[in-house]
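Multiple structures follow.
Common to both upcoming complexes is chain A, partnered first by chain B, then by chain C.
After this line comes the complex of A and B, so read on.
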């Protein structure tokens, strides 16, 4: 049994190593955003100048506002439409249900490069063109399947008898939904909404193909900056963006158990 | 009888329709129609915009099959996908096992969350963070030279290994997640039974644990292989001039060369490859879900 214990400790050590692999580059990148040298030279000298200079970068600030705006609208639309669709799947049995559910898979599984270029071609063809409207159209479509999957998972824990009971007590469909079903599935709806926000806020590939110089989002702007050359300013804005998205996911985890354990 | 059935199913669908329609209309406009349009455009000589002349052609596909450049790059991307997937299995599977079978309670929950947390943060930024580590005079270079007695130059930046490292870093949480889910479902008593019947650790691993966790391995592999084959941003940032892959060529058609019909054809060929892979993995994926 001594071998078992040694192996278990080796296993724990290994997991720590993996966490190091996952987090060290991010930590180093964040640290460099506080380093005075514009060429990332050591020794380390503390500064917040790079963050201060972000405030002067109007292009970046405009892109940030676009990102936030699009993420918020995407969250609202995809949460409402996605929850509605989940309810339909939960309440109704109909032919073709399996097909409709299977159709949620392609937006998640097809590489964004393909989806993004296809959207570019189509939106151009029908006259929507590129820009924020096109980006929003794309983001909602990418977020919808995630919302439907997450809300449906929550609905599986909901007993249909509760809706029956409310109906037999005289509640109409709207009252049943708003007063009985929705409060129960709320954690799922919130988690779905947070997923949608993350999908939109972190989305790069699809936004990249659909943006124009004036109408762009933060990740697209960062990509353009990276390709011009690395500067600590990119580190600063990257650090902010990664802190925001990690905080969001921690929040999501409070509402939605990823591993399905419990 | 058939009519009756049809009416019955319509009755089933009609009340569901108001709830379903908005979401599926949106998906149609933003996903399904664009994908169909892409197939259509890939057979055109030019975009039918601003009165430009266009006609149907097979030339875009002929370009793929006649110029070895494209098929070579497609194979390079498939190879990249394969290598990244294998590394993710080698690195992710043991971690998933430790999470599922060694760690317990709150520490398991916390570490599980830590593993999948970066996965949901910005992929572009995480790729950029590797540039800080890998470039000459970067952290890896500095740290190794501080420890080693002799001077070495580590400049992995803009190389094939750099692309592999960045992609493995991006996708290994997928493998940990899917393998963890199937490993967790394996009853410990099966492992104990195998051991008490005289099987060695290695035999239990190969004959019990790995076969039972195969759905997780295959699901994880499909989820990693597919996006890696279509990756373009990672090779661009970390690969530099060595980072030309199938994905970067498609990107070029749309943002640099502006040969959209060719780009559409190349995209569609990639889509076909991806769909074949997903179709092969689908039975296993369905059983896992």
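After this line comes the complex of A and C, so read on.
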């Protein structure tokens, strides 16, 4: 009995340690974004000045809007294209299907630094060059495999008889997809979309390669700002990003759980 | 409503011939069972009729109109799937409404028709439920209502009762038959359950290895099977193999068995005889066999299985075990090991060409 209790406490201690390891740096940064001292000096003195001055930083705000815009468009494009690809993989048998499916995984594993370099060379080669369009295309390419993997996983739980039943009742392909298949895979589509958003919004490496001084995203802008000289404004903007990212990830987790149930 | 004609339909998957030159005429308004072991091609045939898959060769007509290249959504059929295949995201009423809704019927018409269909399957009050809130039997009824609400030309059922337990299955058999009679729809029903096929259908088609073995009313197939397979797959049968004599067969040991039904096989050719276990009389041999029960064999009871209203005797005879079913009339039961005489009429003996 005593051993069980000790093990139980050890387990709890371990969980606390793990969460501390994950969240302590973030919590300190978030706290410092509300601290008056620009040099992390204590005692803590509450202020929202850094958020106010962040509001004045036009470059940072422009980059933030760029990031949001690109993330939203990336999410829309990659979710639609990715879901369509997943459906095609699910419904049809064709030559090279296995190869194509296998080829979806390496982009997830290839270091972004290398992907970014390759994209830079490619976009210059085809005349697109750098800028927001290049960043958008790059992000869509990065996000697509995630969407396909997540939506395909959901499709694995779909009973093909449902599509057959719908067809036997006179539904055409479009009606079958919109009224039977899509409602079933929706949790997967939403989870895939959130992944796509996160991949784009948090993307630094590829964006860094493809941005130009005027056309850049938030993470790249933060990096540039830190290089020029650190200000607590960065703490403030980072705290905002963390809040948004965490909210998105919690949503994803929720949908994944929902996706696992019947 | 319409009849269905299947003519010379073949379908292969790779080297496997799933259907090999199958022709069946499904009469308008009839209830037809396609019976066969798994892998016999019965489901493949149903899928050709439904339009999920197209035959490599042959013709399929519904109501006289060739449909072998028409996709399922344009065939105006109703289908009930083995695992119900109800749309999980829709209520019972929306499931039933689906076929009318995709056709763009007006809302008021849909509501009326859905209610009528749900009433027909006795689920009038459950329209608001979700499929996962229903029992297996109720789901089956919803699937049936959904399939017939669009007034299809033909109703196709793929082992619709296979997922139900025995008692519910018998209820649903009666229910299904009642609904089919009420709307008079041509119904084709795939099953591997011979009892289900016998009790429910007007006609049965037996399939084996992609070929139609025999086709006809249940009584005809049961009383006059044309092959050993048909005899043993639909019901039980004792099979004797020997040489045809013109009026029966001669077994290798010289015993002759007279047969007055079945095929006519030229004398000398290989042939077999099938006798149903319930047609054989079993006695201790003290009494004379009845007149007319001209076929007699001596044997020894090896086992008796008591099943309440009847008993099954296994009788050993010259290396062969014969099966005899005797109604429980209160008469004396025979002990295992007891020598017995089996007798039966040539009318109950079906001659089958080898």
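Observations, loosely collected:
Convention: the second predicted complex is superposed on the first by the 252 of 262 C-alpha atoms of A that agree within 3 Å, B and C clash if a C-alpha of one lies under 4 Å from a C-alpha of the other, contacts with A are read in each partner's own complex, and residues count from 1 in each chain.
To be clear about the criterion, a contact is a pair of C-beta atoms (placed from the backbone, for glycine too) under 8 Å apart; a residue touches a chain by one contact, two chains touch by 3 or more.
These numbers were taken from a predicted model, which means no experiment stands behind them.
After superposition on chain A, the partners chain B and chain C are accommodated together without colliding.
Judged by the touch definition given at the top, the superposed model places A:137 against chain B, while chain C stays out of reach.
Panel annotation: after superposition on the shared chain A, the angle at the CA centre of chain A between chain B and chain C (CA centres) reads 100 degrees, nearest 10.
Once the two complexes are laid over each other on the shared chain, residue contacts for A:60 go to neither chain B nor chain C.
Contacts of A:71 after superposition on the shared chain: neither chain B nor chain C is touched.
By the document's definition of touching, of the two partners only chain B reaches A:148; chain C does not.
Looking at the shared chain after the overlay, A:223 reaches chain B, while chain C stays out of its contact range. Of the two partners chain B and chain C, more residues of chain A are touched by B.
Of the two partner chains, chain B is the only one that A:119 touches; chain C does not reach it.
Once the two complexes are overlaid on the shared chain, A:183 sits against chain C while remaining clear of chain B. In the superposition on chain A, contact of A:191 is made with neither chain B nor chain C. Between chain B and chain C in the chain A overlay, the least Cα distance found is 9 Å. Partner chain A is touched in their complex by these residues of chain B: 9, 12-13, 15-17, 19-20, 22-24, 26-27, 29-35, 37-38, 41, 47-49, 91, 94-95, 97-99, 102-103, 109, 111-118, 120-126, 128-133, 137-139, 142, 169, 172-173, 176-177, 180-181, 184, 223, 226-227, 229-233, 236-237, 247, 250-251, 254-255, 260, 263-264, 267, 270-271, 274, 278.
Looking at the complex, you find that chain A touches chain B at residues 8, 11-12, 14-15, 18-19, 21-26, 28-29, 32, 40-42, 77, 81-82, 84-85, 87-89, 91-96, 100, 103-104, 106-107, 109-115, 117-125, 137-138, 140-141, 144-145, 148, 198, 202, 204-205, 208-209, 219, 222-223, 226-227, 230, 234-235, 238, 241-242, 245-246, 248-250, 252-253, 258-261. Those residues of chain A that touch chain C in the complex are listed here as 159, 161-162, 164-172, 175, 179-180, 183-184, 262. Chain contact summary for the complex, chain C toward chain A: residues 50, 52, 71-74, 76-79, 81, 83, 85-89, 98-99, 102-103, 132, 146-147, 150, 156.
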